[in-house]
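Next come two complexes built around subunit A: one with subunit B, the other with subunit C.
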Partner chain A sequence: MTELQAGQGAQTLAPPRIDARPQRYRDVLIALVAFVVLALLPMMFGSKQLLDFVIRCAAYGLFATSLNLLVGYTGLISFGHGMFFGLGAYGFGLMMQKTGVPIPVAFVATLAITCVVAVVIGAICVRLKEIYFAFVTLAFQMLIHSTILSWQSLTGGDQGLRGGIPRPPFLGIDLSNHLHLYITSCALLVIGLLLMRQIAQSPFGYTLRMIRDNATRASFIGIDVWRAKLTIFVLAALFAATGGMIMALFVSGAYPEFAYWTISGEGIFINMLGGVTTFLGPMVGTVLLLILNDTVTRLTEYHGIVLGIVILFFAIGLRKGLMDFVVEWFAQRRGEGRG
Partner chain B sequence: MDLDALASCLASPACLVTQTTSGLIIGMLLFLVAVGLTLIFGVLKVVNFSHGAFYMFGAYFAMTAYQLTGSFALAILAGAAGTAILGLIFERVFMSRVYGRDVLMQLLVCYAFVLIFDDVVRMIWGPEFKSMGMPAAFQVPPLFIAGGVVPPYYLLLIGVALAAAVVLGLGLARSRIGKVIRAAAQNPGMVSALGINTGLIYGGVFALGGMLAGLAGALAAPVRSLTPGMGFSVLIESFIVTVIGGMGSILGALIGALLIGLIRSFGSLGFPLFTEGLMYLFMVIVLVSRPTGLFGKEVA
Partner chain C sequence: MTRTRKPGISRRSTLALMGAGAVTFAAPWVARAQVKTIKIGMPTILSGRVAQLGTSSRNAVMLEVEKVNAAGGLAGRQIEMVIRDSKGQPQEAARIARELVNTDGCEMLLDGEASSGSFAVHEVARDLGVLCIHTCSEASSLTADPKQHIPNAFRCVRQGIHDSIVGASYAAGIAKTKGLKKWATCSPDYAYGRDTTGEFVLYLKKFAPDVEIISESWPKLFQPDYTEVVTKILQAKPQALYSCLWGGDLTSYIDQANIYAMFTQMEVFAVNMADYTALTVVKNLPKGIHSGDRYIKTFPPTPENAAWGDAYKAKYNEYPTNWSWQNATAVMFLNEAVKKANSTDGKKVAEALTGLTIKCPFGADGTVTMRADDHTLVGYAIGWGTTIPQEPYVPDVKAGDWKTIFELEAEWKKSKGYT
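Then we have the complex of A and B:
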């Protein structure tokens, strides 16, 4: 790595605030307000479409934000992150259909399975450099996808998990009730985002940024780069699986498309769209992509062409995500105010 | 698992010949795609994530040319030439803008084109499965070698791919253009300082890589069914090939492709549900023991 590159990295590596506690309270406060606003939404707008949209945002948002922990914070460009989304959906769906355990048990068990799978795949992948890492994760995604397709007796093959996922009530929460499902999804989203925010702002989060900017230097000062990368790979997988579980609950099933590589591609694009330099960038990207997807599918059947052109516009034209522009604009205004 | 089937096949020469030939044609098609991928990576330092689309276009171009002219030679030519031109345009207009930038950007530009190309094919040729049909010249009884069935077309396919491998290997090693390309892979700044147009070389290498993938698609058109998105699984497999053989190595691509081809054809007997898995397992073993691949050198 040249000095020039190291210098570029240093710019983004602002020193952590010494009094991290007020910031943490602020994050919790923002999360609470966001949750209350989301929870009050059904009272103001009764439309089922809007609630469905928010549930989908929760599923994809958790997935995309967890991918940002890898792409934006650690510099690990995973092109197979969608496998954990699919794994979460299938693991949860199968657990509910075959064993009939209560939902929280299935939830935790699915996370445990995801954890084991992510450790195995991560241990192989995180040794690799950039492009190798991207493609080998992609290869594992295709392995999981083809396993789902060929293991028909368990997964239903290309038909997906059909017949619905049983959703027995627990602790007074009945997820077959649309409103309960909505509130639960929002809660999972807010808690997930808050946890990821804590990870990103913790000393470990700053270690990850350092690995992204200069892995050699990080290992010189005694950081076990491989272990740190593996840890964040597994953590990100858990959040992606949570997103998958929300999706499985929402559609009451699981389909091979959830584990297909396009989910990973969309995740990467969401991050690009919203911007990887801010924590909430992927969330903004998720909302934008879902709106874009819904509009385009309504207007034309060739939705790949439109999406492709939008991606090109961002990747070659703008070269930045939307949140990056917002942040820059604020920084500029603040600079003018002072000057 | 069906190990008995595998063992009984290994014991009979007829089955051995049949399975080996089918492994060889899978391997040879993969080689043509993978060698383009590895060549582009060696010189341009980008992984062409949309490489599978060139394979797909090669097949569709060949099918259309065959339906229009009825000549199989022209069909192959159309597949190869069409994708070469496509590769040149794609490189000059789009890919050349993201060299030296983030891997993320390169992947995104290619991802955009995977989406666009698949939809373009769907628009022009329709979403359904198509088949080109075996050309009349090859609709002859199969050959029997040691009791195994070998369609003559397979021999042509293997021959063409081997010829491409030899021409490519010798061309890069001996010819003047080959030397310039290797020099550009080593030190593009120096090559350009010597008055050689590196932009032209980059475009040329991309066109060559696209042409090889298109050739593979055209050769595969009579024996495989054509569908939008057919390039993607080929892309993944040829990437596995380059990982096994070592990124940037032509010999590595050849050996890797043949190994994958044989694993697929014999694996489908022994482990019918786990054929794909075997391929990944093999890749993992290679990656863990030799992270740069069998013939790869550490890229600085």
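Then we have the complex of A and C:
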């Protein structure tokens, strides 16, 4: 068979193109509704704790969902994703403290720095597979953590960035106002999730799934696996850094713990709780973990045991995350209904 | 027409009864509202490697709060402590501090966080304007750096710079007497270790100019194996060693260095040795290690200090730690400041705290002061001595001179650009 014939065969076998636009509109609509609901929350409930909770959800939610782009969609289990969370927090904090540039400039510049660092680290890491990839990412994370600790004149060492992060108002937004910070965090969360959703649903997103399922096959049909993996590694890093910036604004500082392996561990934990097969799984996991953390630490100092039991329940009992379980349960019910 | 009275209770008596009932039932509520409890929030570390210190902070606070409550509370209001675990994570410390104030209604904060956590809580205090007393962070910059200064935050903790000045002056005296010229250092590789060692060496050279540092080791924090560090120091053959390792790191180091008989080959100056958490854990505590006092019930050698140490031991079946006396002192300060201000209003208490001197079992002369310029604790008992393997562990502690401390601290602040 000639190449031409093969091409013709492929054309006849190709499934009809599905127009992705209606789904995109639906996603945008859902995002808008979610933002409006979040924005109305402070009017319905006066609780500052609730606002703090949502701000933290935004930071961890962006971080965990971006990790899922690697773990769930590409099959790259990164143990060092927290380094970008820390990099975002430090990059933004330092930029605001040292240069005094407007917040949007610092935001974009931090993303640019994260992009460069992620390209360098990713170029080395994504050549590796499975456990090797996991461990090399972990090694880079520890390298960044050690650098933060040692480069005391710049980062403040283990004491972190002290003296608060200045927040000059821009475009009528004053991030030292709690409500403004809340709305901005919600906006970043919704926009971030929407963008990640578009990445996941795009042809590139499906390429990633193919790489996850069979990388050899993907490269045989002409996909540059290394480039695709590197692209998603860098994109995920950018969203994680955005999460780090929200956290830096919330605590008005940046601390070495933000770049420590425990943050990456929490990201994996959130993904296990929420589930990796659905897009919103990590977001659900974030809400679950933060609720668990906040309530359990109030009740007992043996919170480690409680959280451990919960994760055991999910890992051994359900054998999947909560959203995976719910989606499967719905699918099963629908199947039964049809049957 | 005559009105006949219906049998049963009249409307008037019903109203009277209801009124009486309401008063009876409401009385305790009204009374309670008048003497409403005052909630004080405290984020501290109750899990992980330094949990023992966090727990000892909580114990000390509760010991003192019980005394204050028994004596009628703060301006007639009973204290209710709300203590939560931050796991040593700054973001958790910040979250908990905000939650304690915004949701739990705490009117004051005792910040039982170390290092980065204390800076995170400091930012919360700056943001919310709540009265906050740091009780565990020894980082000098927390109060020395004017950028950190806020009117509502205080630090009731010993300071790295004070320890370095007293330690170096004590060590220089011994160096001159025994002719110790070749020194080595071995401290944990993070800001506290590097800063404290740097300051110690600076002042050691100032007091004894012919001292020379011939070897430096920087083991990682929480490093389990110190063999390479111990052998490196032994090979350098120094006459004296300075270390600011602490807690489990210090005890592991001593146990491992004991195998190489290090303590017979050089004079060892370990600033954090004289704390019961280290003294009672080391398997074979060598005789003659020089150490700064952290908490020891024999220093200051007063009946008040001994009684406090014994009361703590009797209640919790263990000795207090360095964090314990600092937290206890913070409660004592609050109590006295509220008395002085005759109010529990945060701003008034903060004003009263500024420059306040109180009687305290841990004071060098029986009193301690919250210095007005930088809102930090001064005048506490600070000194150095040598260890023996059994109680009282450090029998003879030589007290530091606060006059020298103040002079050199002022110079240090100038050199850092703080004044």
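Note that in this section the second predicted complex is superposed on the first by the 321 of 339 C-alpha atoms of A that agree within 3 Å, B and C clash if a C-alpha of one lies under 4 Å from a C-alpha of the other, contacts with A are read in each partner's own complex, and residues count from 1 in each chain.
What we mean here is this: a residue touches a chain if its C-beta (ideal position, glycine included) is under 8 Å from a C-beta of that chain, and two chains touch if they have at least 3 such contacts.
Predicted model only: the values in this text are computed from it and were never measured.
Asks: Putting subunit B and subunit C on the same copy of subunit A, do they fit or clash?
Replies: clash
Asks: Name the contact category of A:304: first (subunit B only), second (subunit C only), both, or neither.
Replies: Touch status of A:304: both partners.
Asks: Which partner chains sit in contact with A:150 here, subunit B, subunit C, both or neither? Use first/second/both/neither.
Replies: Both: A:150 reaches subunit B and subunit C.
Asks: Quick one: is A:23 in contact with subunit B, with subunit C, with both, or with neither? Answer first, second, both or neither.
Replies: A:23 contacts neither subunit B nor subunit C.
Asks: Using the touch definition from the top, say if A:258 reaches subunit B (first), subunit C (second), both or neither.
Replies: second
Asks: Would you check which partner chain A:295 touches, where first means subunit B only, second means subunit C only, and both and neither mean what they say?
Replies: Touch status of A:295: no partner.
Asks: In the overlay, answer first, second, both or neither for which of subunit B and subunit C A:71 touches.
Replies: So A:71 only meets subunit B here.
Asks: First (subunit B), second (subunit C), both or neither: which does A:48 touch?
Replies: After superposition on chain A, A:48 lies in contact with subunit C alone.
Asks: I'd like to know which partner A:162 touches here: subunit B for first, subunit C for second, both or neither.
Replies: second
Asks: Who does A:247 touch here: subunit B (first), subunit C (second), both, or neither?
Replies: It touches subunit C, and subunit B stays clear.
Asks: Given the superposition on chain A, at which of 93-101, 219-227 or 237-245 does subunit B overlap subunit C?
Replies: In the superposed model, subunit B runs into subunit C at 219-227.
Asks: Hey, what residues of subunit A end up touching subunit B and subunit C alike?
Replies: In subunit A, residues 150, 302-304 are touched by subunit B and also by subunit C.
Asks: Over in the complex, which subunit B residues touch subunit A? Could you list them?
Replies: 47, 94, 97-98, 103-105, 107-109, 111-116, 118-120, 122-123, 232-233, 236, 239-240, 243, 247, 273, 276-277, 280, 283-284, 287-288, 291
Asks: Under the definition above, what is the set of subunit A residues touching subunit C in their complex?
Replies: Against subunit C, subunit A makes touches at 47-49, 52, 56, 149-150, 152, 156-160, 162-164, 176, 247, 250-253, 255-258, 262, 294, 297-298, 301-304.
Asks: Once bound in the complex, which stretches of subunit A touch subunit B?
Replies: My answer: residues 71, 77, 79, 124, 127-128, 130-132, 134-136, 138-140, 142-143, 146-147, 150-151, 261, 265, 268-269, 272, 302-305, 307-309, 311-312, 314-316, 319.
Asks: So in the complex, which bits of subunit C are touching subunit A?
Replies: 46-47, 84-85, 87, 89-92, 94-96, 98-99, 102-103, 115-116, 119-120, 122-123, 126-127, 139, 141, 145, 147-148, 189-192, 194
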